[in-house]
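Look for chain A in each of the two complexes below; its partner is chain B in the first and chain C in the second.
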Partner chain A sequence: MASDPKSRLDLYALSFRLPILVWQALFFVGPLAFMLAMSFFDVKNYRMVETFELKAWERMLTRGYVWDSYFLTLGRAALAALVASLVAFPAAWLLAFRASETQRRWAIFLLVIPFFTSYLVRTFSWLVILAESGVVNAGLGAFGLGPYTMLNTGFGTLVGYLTLVLPLVLILQTVTLAHIDPRLPAAARNLGCPPGRVIWEVVLPLAKTGLVVAALFAFILSFGDFVAPYYLGGSKPPTLPILIIDTTKSGQQWPRAAVVAVMMMLTLFAIAFASIAFAYRKRASK
Partner chain B sequence: MSEPLVTLRDVVKRYDDFTAVKRMNLEIGAGEFVAIMGPSGCGKTTTLRMLAGLEAPTEGEVVIDGRVMNDVPVHERDTPLVWQSLALFPFLNARENVEFGLKMRAVAPGARRKKALEWLDRLGIAEFAERNVETLSGGQRQRVALARSLITEPRLLLLDEPLSALDAHLVIRMQGVLTRLQRELGITFVHVTHSQSEAFAMADRVVIMSRGEIAQVGAPRDIYRAPANRFVAEFVGRNNIIAGTVAPVGPGFGLLRVDTPLGPFDVVADDAPRPPGEAAVFVVGADRVEIGREPRPGAVPCTLISEEFIGSVVTLFLEAPDGTELKVQAQERALAALDAGSGGAFHLSWSPQEAHLLPPGA
Partner chain C sequence: MTQRNKAAPFAATRRQALKLGGAVALSAPFVGRAWASTTEINMLAWYGHGEPDIVGAFEEANNVKFVPKYYAGGDNMLGLIAQSPPGTYDVILSDAEFVQQLDAAGYIEPLDAADYPLDDMLYPDFQKFPGHWSDDTLMSMMVRFGHLGVSYNTTAVSAEEAESYACFWKPELKGKVGHFDWHLPTLGQMSLYNGNGAGLWDLDDAAWAKVQETTMSLRPQVGGFFDFGGTFNGLKNGEMLAMVGIGDWITGILEKDGAPVASVIPKEGGIQWTESYCIGKGSEKADLVKTFIQYMLSPEGQVKSAQMAAYPGNIVTKGGFELLGEVDPKEAARTHQLPGDPMNPITLIDTGRIHYRDIPRQQSLEDWNDFWSEYKNA
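Presenting the complex of A and B:
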């Protein structure tokens, strides 16, 4: 034997993996570390000074408006995840259990189409629909109702979030439900479970992982979204992404913006970790 | 039979362009163990699903306990089904699976827990009550599924090939469990299977289905000895099916002579009119054929093609001079004396009493 085949194979494999590792280090871990470092910098005369101080942290964590913004964002993203999950579920159920294989394929294809168009463009189209003199109010006006203010409200923000996440949540839920063994709901009915209760007793427990992951995606996307709260929500009160923009614009406060960004990252890590742990939790076998 | 528990009256099940069950009529008595048997696609599972309400008959009536069930939804029937896949709920442990039916009947948690543990104990798996069902063995899961179906003490239990996924030795053991339970509880069992040994070992009556129709209904022994038609004769057991024509002159004494390519054979006559020259088919069980090395009057000379050894019983496949294949089943011990391995001629014969005439046209 001339050479050890194992070490040669490792080099070969590494030559393929190395670019990805370098890419990750350069463009993901690097910026993240820099952002964390930046949150400890200082700003003097509108210039950033590279030091290690807790000034930005102290400032942001002691201001009520930051926490208002934090819980507003948290609440609205959670609401978007909840509403998207609830609205999508009946449709996903129909597609998974009532539609034929062909119909389901077409539905999923059609649900992908919204992603062809920029989210920004889709959001702008809501302006026309939701405006004071828009399509919805014109329709309601025909019945002597309204006009209602829908833009620059929490409702507008929610509509924007749903525009972003609903197709995705519906696709994820449909795929999850379609993978359920149809004999299990049938077995439940055979044991005396009425059809409505089958959803609660059998379908939800079986689909738990997929449903939680779908809701988690909706939460993550909404939590970090800048477009919906800015254009449809009127940016007041600001959500965290808007707060970041505002902070950087006023007085070059990049360290304070970095603090908000790190807060968001940590929140997402915690929620993603908890959700996945819950989604995949198997019953303990004694 | 006393008042039947289940009656299928002119039941038809059609899918778009396929008729799964064609005008089926069947009565099943209370406390009976009925096996429905047939090849894949014969309509046996569809019949079972119609009893459970998982399929609605296209025509006809399904009557259970005197009540027409056609429009009764699945969850309002008390016809638990033991699924081929078992269909245990993976998110519940063994005990919770068993409790499910009582939970649906709003039995208090304490009471249903007690009942579930009793059933698990009765089936010998009490120690696994709190185990995740996915960690149980095939036989244990089977018992969980049985307990889950029986806990509501139904009058009718439906079984859809529940033993088909088990190892051979477990099948035998579960057959024992099922027959014992059925006797103790006095519940009517309707067991769908494609396995003859399963059906014959357990059932009081066997229903043989073919292409959506009942081919024969009867006690296992009757079906085995007196198949009603060619399909049953071929489907059940190892039978030699011999076709010929009624000979011009009969031997009398209640016997009928049939001329066949293998020679003339006398068989016990049936009540049907048998004019000479008409086609006649008779069946001889492979285990009723006598085999020897010496030529005998009326015996068919054959050569050995192959043998199938399954333990104490051996099946020999032989060929008659005209190419007809004949089967002989015998104890391995008895065949050892014949020295089958050395080749040469064998001579087969059977007594007229062992030949069963199929009805004309069957």
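Presenting the complex of A and C:
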């Protein structure tokens, strides 16, 4: 009887938690399990046959091009996360420490605006901007430079990834830095600490969790993105999401596509866990 | 007072809701009848075939509505059908080389040859097109075709250079050669370049290895792999100066818009894509679909196909050929669909420069696709 209030509390809490648990079970865990099961299926005459075979795994894991795609995707997503973090940081610093509360609010509102437009539409607009006869090259041409090939290159893909992730990284970094007591970096400066060291030894440790989470989001979104490497990178060479499309498009090899998808999920899980562990480790020890 | 004020809008909303509900309930039978009178025809086709410029007049005349599902590539089409319950698609536009597989898998209904203008076909082969007949039963009706060769930007490649697939290896085109992202047309063209001629699809191990080697040697030239929109865009903005695996079906639209692009059939030969209509197995609207296929083979339907906004296709009937010359002589001249024109598509077939697109005979589509993935990653 004494546990009555506690159990009431549990039920109350559960009523809020249950919908999200049910949702996740239905639309995340369920499809994930099905995808894993599908990777052991077979395809005969363009139809999937429910069986338990390792054919798709053997096939995909022994193909050199799959591993080439894997490491390429990993590298490009990591690069996007790094570049987005570095590019966003100075702007986030300004918004967090130099801008007024109103200016910061407006900046965050403006950073949300790009999400009002479809990512695909934003990507297609880059086609016009980055083309050899496009806006950037026309500008460079005025100074006697170029034209440079930017579309259908790794650079094009990176621009696409940044279009997707940069506003998000900037918002996350700004919110993180804004929560740091501004007196701390100011105190460090007053005590004679040079600016670089203030960033490295005061701001970064305090903002580590938020910065890592922002970079992690950038990595996750880039790693799974199909649009940028296909339309701005010219599918040359294909990243894992393109490989999934290719595999399903031709021959309807859903089990092989599932293998690639499982590889991607495992990679994301590993990187996400490692990143979160890294982000919180030092803080916990403090 | 406050309570009344709060309650009033709620009451009004409730009354409005009741009124609206009643109106909906009363009008439902009429709405239902109005919907029922328009028959929906589910179509599986390449992009553009279910658009108003092609089916609009037929929809109006027959009170039907096409619901298209578009695909790119025959194996993509087979996969979509395989994953759908029987009867999902009433009309299927298939690439000719996949009709046999549709038939073997039991996805299509036999047609009555007497229903279609076979006697009016422009070329004898079109009457009994390979793979379209199961013994003496017609399974699919050819409706249009086109040729794949060298597609190029006329400011970067001369007409003489475009006379051979060798132009794709031109040093000045490094990074500027694009691929339509489907293995079949490209590998077919590489096979032709290797001199396999009419046996381009029937490759033994040595010939297949050679095709792979030739294709791989082109890889440093390649600027990208594109879908329909990307191919179109790449040629239009000049990012790609030559394109493997396509033909007038893409450059034709750009050419009409004034872009400096063209497609020719090189001396090694070209490949014919052929599109044919089938009636989906289990379709409850087979009669309507038959009427639609008849319409598409009528002179009017054939001209619409030749002028199709998404991508043009050549005419297959004599009636359509004549009508195109009368109503759109410009397009007839642009596509050489004129009597006596040396580049007339039928003349090209007749003189052996064109080979019908097929599937690999000694390898599986999977082998070709596997190589394609390797090639893209190289």
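Going forward, the second predicted complex is superposed on the first by the 259 of 286 C-alpha atoms of A that agree within 3 Å, B and C clash if a C-alpha of one lies under 4 Å from a C-alpha of the other, contacts with A are read in each partner's own complex, and residues count from 1 in each chain.
Please note the rule applied: contacts are C-beta pairs under 8 Å (C-beta built on N, C-alpha and C of every residue); 3 or more make two chains touch, one makes a residue touch a chain.
Quick caveat, the model's predicted, so the values are computed rather than measured.
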Fit or clash - chain C, chain B, common chain A: fit
Which of chain B and chain C A:Pro205 touches, first, second, both or neither: first
Touching partner for A:Asp181 - first (chain B), second (chain C), both, neither: first
Touched partner set for A:Ile20, first chain B, second chain C, both or neither: neither
A:Ser69 touches, of chain B and chain C: first, second, both or neither? second
Partner chain in contact with A:Asn45 - chain B first, chain C second, else both or neither: second
Touched partner set for A:Pro194, first chain B, second chain C, both or neither: first
First (chain B), second (chain C), both or neither touched by A:Thr149: second
Superposition-derived comparison: chain B or chain C, residues of chain A touched: C
Partner chain(s) touched by A:Asp246 [first = chain B, second = chain C, both, neither]: second
Minimum C-alpha spacing, chains overlaid - chain B and chain C, in Å: 45
Footprint of chain A on chain C - complex, ascending: 72-73, 75-76, 78-79, 81-83, 105, 175, 178, 181-183, 222-227, 230, 233-234, 237-239, 365-366, 369-370, 372-374, 376-378
List of chain A residues in touch with chain B within their complex: 181, 183-184, 186-195, 197, 201-202, 205-206, 208, 282-283, 285-286
Chain A residues within the chain C interface of the complex: 45-48, 63-65, 68-69, 127-128, 131-134, 149, 151-152, 230-231, 233-238, 243, 246-253
Chain B residues within the chain A interface of the complex: 52-54, 73-76, 78-81, 83, 85, 87, 89-93, 100-101, 104-105, 130-132, 135, 148-149, 152
